[in-house]
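Two complexes are shown next, each including chain A; its partner changes from chain B in the first to chain C in the second.
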Partner chain A sequence: MPSLNLDTSFTDEGFHNVAFHRPQPNWLKELRQRAYRTFEDLPMPNRSMEEWRRTELRHFRLLQFQAWSPHPEQAPEIPSQLIPRLDTDGLIITLNGRKLESRLDPALGQQGVVLNCLEDSILNGWEELIRKHLFSILDWKYDKFAAMHAAFWTGGIFVYVPKDIRVNKPLLHVAALMPGQADVGHTLIILDEGAEATVVSETVSVDPSASSLYCGGIEIILRPGARLRYVNMQNWNQATFHFAHQKAVLAERASLEWTLGALGGRLAKVNQHLVLDGPESEGIVNGVMFAENRQHLAYHTLQHHRTPKTKSDLLYKGALQDQSHLVWRGMIRVEAGAVKADGYQRNDNLMLSQTARTDCIPGLEILADDVRCTHGATAGRVDEEEIFYCQTRGLTRREATRLVVTGFFQQVLDRITIDSVREALTDIIQHRVREYRG
Partner chain B sequence: MAEKVDVIGEINKYDFRVDERYVFKAQKGLNRDIVAEISAMKNEPQWMRDFRLKALEIFESKPMPTWGGNIDIDFQDIYYYIKPTERPGHSWEELPEEIKKTFDRLGIPEAEKRFLAGVKAQYESEVVYGSLREDLAKRGVIFVDMDTAVREYPDLVRQYFSTVIPPTDNKFAALNSAVWSGGSFIYVPPGVNVEFPLQAYFRINAAQMGQFERTLIIVDEGASCHYVEGCTAPMYSSESLHAAVVEVIAKRGARVRYTTIQNWANNIYNLVTKRAVAYADALVEWVDGNLGSRLTMKYPAVYMLEPGARAEILSVAFASRGQHQDAGAKVIHAAPHTSSRIVSKSISKSGGRSSYRGLVKIERGAKKSKSNVVCDALILDPQSRSDTYPYIELEEQDVMIGHEASVSKIGEEQLFYLCSRGLTEAEASTMIVAGFIEPLVKELPMEYAVEMNRLIALQMEGSVG
Partner chain C sequence: MSPETLSVIDLHVSVEGKPILKGVNLTIRRGEIHALMGPNGSGKTTLGLAIMGHPRYEITRGRIELDGEDITQLEPHERARRGLFMAFQRPVAIPGVRLADFLRHAVSNVRNPARKEGEELIPMREFRKELKEKMDLLRMDAEFARRYVNDGFSGGEMKRAEILQMAMLRPKFAILDETDSGLDVDAVRLASQSIAEIGGRQMGLLIITHHERLLEHNPPDVTHVLLGGRIVETGGPELAERLHREGYDQLRQKYPEAAAEEAALAGQGKQ
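Showing the complex of A and B:
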């Protein structure tokens, strides 16, 4: 472990201090080194690149963040929305990407279920499985942030559910960040054949207004017939930079219900990639986005149908107030031969202020003939008549707005099958809505 | 179908070539001398010559687009200017034999007699034939080729030329600005309604030819007109390039409809910039049919600059073997109470690729704007590909935006039904495709609608194995 006074920023020296002063197998050191070279070679994304055309990074200062620092003596209070609400079978709390505490129902542990720090798991008997899957689906050469993550990652979490084992209650991961720190944690979730689980991940800032950095990666591997419900509730404070590469690969008959809350962050740039890699696999994606103040949230989704008889269904709903900017860019790609694919994507945005702006870019790339692929997009504002109607029934203008906005999100909230997550999202939305001025 | 189509004969209708007999053929390649020479051949005023040379610099400084289709053009291996005749004719008899034969075979004089208010026919770089009904001329309608317009209506041309699409807009608009030749110039005075369509026909005959026509249409306040253009070229082994620029100005209360049916040979790069500006309460309609070509990149645009402006864009693309149709539409809402509607239909077959690429942009302050986009795609076999890339950018809340797109194959049930009524599978498929593009076809003048249906029937031949 690095000592207290070492440079742990995202520099050459910082890389050596963070990456190598820790016990780890050689293959991992080599992977880090290759990734670091790619990180050095790749330019910082800029607006001349199509994917970054709408996302301004000028205010982002990489060197102001620490890739690693020791845990404080006294763990800070973590303002989680979900810990009090969720009845769980297991909980892991990470601070700045590294484990603070974890617990798992011992009965599940005996059945071989794992919920632990990823780095520790490599050293504690899971090296072979992790080596096989770590960065096996996530392309760390994709851009500078992906390479940075692969080079610098520490801590992380590892979830493994063995064949035919069912985890009934959610496993909760709460990721907390301290001011000036970076979370470069990696999440690896593997569900073996026929396994079932619910994993909920929530991100929170310890300080309500200080800037931090998240540069993470999530890999979800579902073996044949596995079923996962995965929730990623991104709820950093509005000074945090969030760069995420998230990818799930589904084998035959596997199914995934993937819910994203895009709520926090000064700037969030997320690549969410769903791969239907086996016949009859099915993915449902729910996105709840709410941007306010000067937030910039950019979500790039890909529904990738690679084999016949696959199904994907994506619904992203976004609300914008103040000077916020929401970008959603989605793609359904159906490879040649992936017949009987059924792909759907939809993005609806509700504009709650005169000064917000939204870019919505659905897309289809279809290389097979026998498919059904559809997308839809709408944007509009709150209907003044609805507000008026509510006011005649005795609601204040703010209450009326809240009701209309909640109604707007209802369609996507209804698709979320975990009650406490749905309730938490509803609360956050209602709390955020200000009085609407058309 | 009621009528049995002679397939070989029909294909030959366009894929024929006549001997090259030209008054002047510029050297291959592109440089300042060639651009200056084109300008000199046309006796152009100094400002146009300077404009061309400046545009050439812009063309050279701009990189090739990295999106859309693969453009594999050697710009030095193209003839930029071929002058087929000394001066444009006003009656068929005046035309050189080869050219007359060409347009006779394409059926232009016949069409003119039957339903057009005016015709321009462009062969290679120059308009070779033009006519306009006398009554329209008397009411002040101008319909001449662009070269003539530069000479005879210098004030009008200078006022509007390149104001909608400057050479800096994109690489191919810059190229066109440097070497443009031919194209139509239309001016419709305030309050004049041109009831019958004005038509232009563009024909590339020579190999390795670049056709760069430049069309400028100004429809003054409260006036209206419908312009129709058709394009063909024979099949050569080497690529030819068609890079047109079309600028349309619709003033307050004007109505303009621009209809294009392009049926290029399979080795034409068709890279066209088309844009209209619509002022208060004006309506601009683009009706765009794209068949043939190796690669088409064309996104007719309407900039709605004043309240009440409207845009309607209807686009059909058919991509067959070796073809990539990257077509779409752009609407920019820059004023309140503007509305737009885009309907796109695409068909991919025999390994062809059709893409819809579009933009809906609502600028800040364009309150109460409405836009609706519908894209439907049919894929007829497993080798083909269909893409949809719609961009929606909103800077205003008080708007209504809708977009939907779907991709599917021909429905088994529809096929089964038609076959049960005695149609062969090929006939049934053709009929379903014809129904699929019906929203476009019904907007075409009758002759074009018939022609469009025949072209689709031709493309569909042998599609079901």
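Showing the complex of A and C:
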């Protein structure tokens, strides 16, 4: 383990200190080496690159963050919204990307279910399975942040549900970050044939206003007939930088209900990638976005239909107040041969101020015949007549605004099948909405 | 002013700088029914919205008093909490907000005028029971309350939802803006009957209408005729009947000045 006085920043020396001072198999060391070279070779993204045209990184200082630091003697208080609300079968808390504590219903453990630190799992009997899948679907050469993640990642979480096993209650992962620290954790979720589970992930900042960095990767592998509900509630404080590559690959008849809460972050840049890799697989994507102050949240989604009779249905809804900026760029790609694919994408944004800005850009790329693909995007303002109508029924302007904004999100909230997650999202939004002043 | 009255005193109202009302005077005592008639564009809806405090309707002169208190500067929600209500001609939809949730917020505020945002709502059980009673009374299906406020409602459904809100909020004074428009004969009769059944008589009502039928179960004590932004005649129920019979042309001849103002307003409206 690196000691306190070693350089653990995102530098050459930091890389050696962070990546190699822990026991790990050679294949992983080699993977890190290659990723690091790519990280070094690639330029910091800038606005001349198509995907970064709307996202300004000028204020981002990579070297101010630590890729690794020892856990404090006393764990800080973690202001989770979901721990008190969610009745779970398992819980893992990570601090700066590395495990703090975890528990799993012993009955599930006996059935072979795993919820643990990813690094530990490699050393504890899961090396073969993890080696086969780690960075098997996520492209770590995609950009500088993907390579940085693959080179530096520590801790992480590993979820495995064996064939035909059903986990009834959610497994919860709370990722907490301390000031100046980075979370470069990797999430690997594998559901074997016919397995079912709900995994909920929540991110929280220990400090309400100090800057931190998340540069993470999520890989979700669903074998035939597996069913997963996955929630990613990104709720960092508004000083944190969030760079995420998230990808799920679904084998035949597998299904995924994937909910994203895009709430926190000074700047968030997310690639969410859904691959319908087996016939009759189905993915539902729900996005709940709320931006305020000077937040910049950029979500790039790809629904990739590779096989026949696959279905994807994406709905992102966003509200913006103050000088915030939301970017949604969606793509449905249907490969030749993916006949009878059914793809849908939609993004609706509600502007709560004159100074907020939104770019919503849907896209289709269809190489197969006999498919059904539709898309839509809207951006609108709060209707002053709706506010007045509520006021004539005794509601204050703020209460009226909250009601109208909550109503705006209802369509996407109704699609989320986990009650406590829906309630938590509603509460967070209601808490943040201020009085609409046109 | 005596208590339990709604008074409009020398009210001048402009919309986007254009004068619409030019000195309206009106006093309604609680328990009275007033009919407000007049051709399209004479300012009837403007009067209603100005009384409710719509931000686009600028009061340039005069005032509105409720039980002797000047409420001209109050926010719309403060007026509602003091007992004013308006049933809109074309209420807006609020997608995603269920009528029952909307009404629970409304009832909680209107019955507890000092309520601050975030404070307890009226208990769910008590609210549901009362809502069911009122919906039964109005012969409305319970499922209706689960729909989003005015979202995809037919004309008739909107009007009935407005009457339901009035029944739940039990205002001191209610303005009914063409609650009969767009309804067929039977639906107007039902609306008229419903207004009487929910206790319209105990309130003060200002009924804006073109139809005699809405007044069938709510015979007016006083009838006002608005023309070109002024009340040109005030009478009893016989005035309403006469206007229904004869239309407004005779009034225009009798009040050429107001008729000219009306024509000018209509011209502005077309620009």
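Here is the rule we go by: the second predicted complex is superposed on the first by the 438 of 438 C-alpha atoms of A that agree within 3 Å, B and C clash if a C-alpha of one lies under 4 Å from a C-alpha of the other, contacts with A are read in each partner's own complex, and residues count from 1 in each chain.
In the analysis below, a residue touches a chain if its C-beta (ideal position, glycine included) is under 8 Å from a C-beta of that chain, and two chains touch if they have at least 3 such contacts.
Remember, predicted model here, so these are calculated numbers, not experimental data.
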| item | value |
| --- | --- |
| Joint occupancy of chain A by chain B and chain C, clash or fit | fit |
| Which superposed partner A:Glu50 touches (first chain B, second chain C, both, neither) | first |
| Dominant toucher of chain A (residue count), chain B or chain C | B |
| Touching partner for A:Ile130 - first (chain B), second (chain C), both, neither | neither |
| Which superposed partner A:Val371 touches (first chain B, second chain C, both, neither) | first |
| Contacts of A:Ile361 with chain B and chain C, given as first, second, both or neither | first |
| Vertex chain A; arms to chain B and chain C (CA centroids, nearest 10 degrees) | 70 |
| Touching partner for A:Met351 - first (chain B), second (chain C), both, neither | first |
| Partner chain(s) touched by A:Leu31 [first = chain B, second = chain C, both, neither] | neither |
| Chain C versus chain B - closest C-alpha approach in the superposed model, Å | 14 |
| Contact residues common to both interfaces of chain A (with chain B and with chain C) | none |
| Chain A residues touching chain B - in the complex, by the definition given at the top | 50, 336-337, 339, 349, 351-381, 438 |
| Interface residues, chain A side, partner chain C - complex | 383-386, 388-400, 403-404, 406-411 |
| Chain C residues within the chain A interface of the complex | 52-55, 75-77, 79-81, 84-86, 88, 91-97, 101-103, 105-106, 108-110, 113, 117, 148, 165, 169 |
| Residue numbers on chain B that touch chain A, as the complex places them | 67, 364, 377, 379-409 |
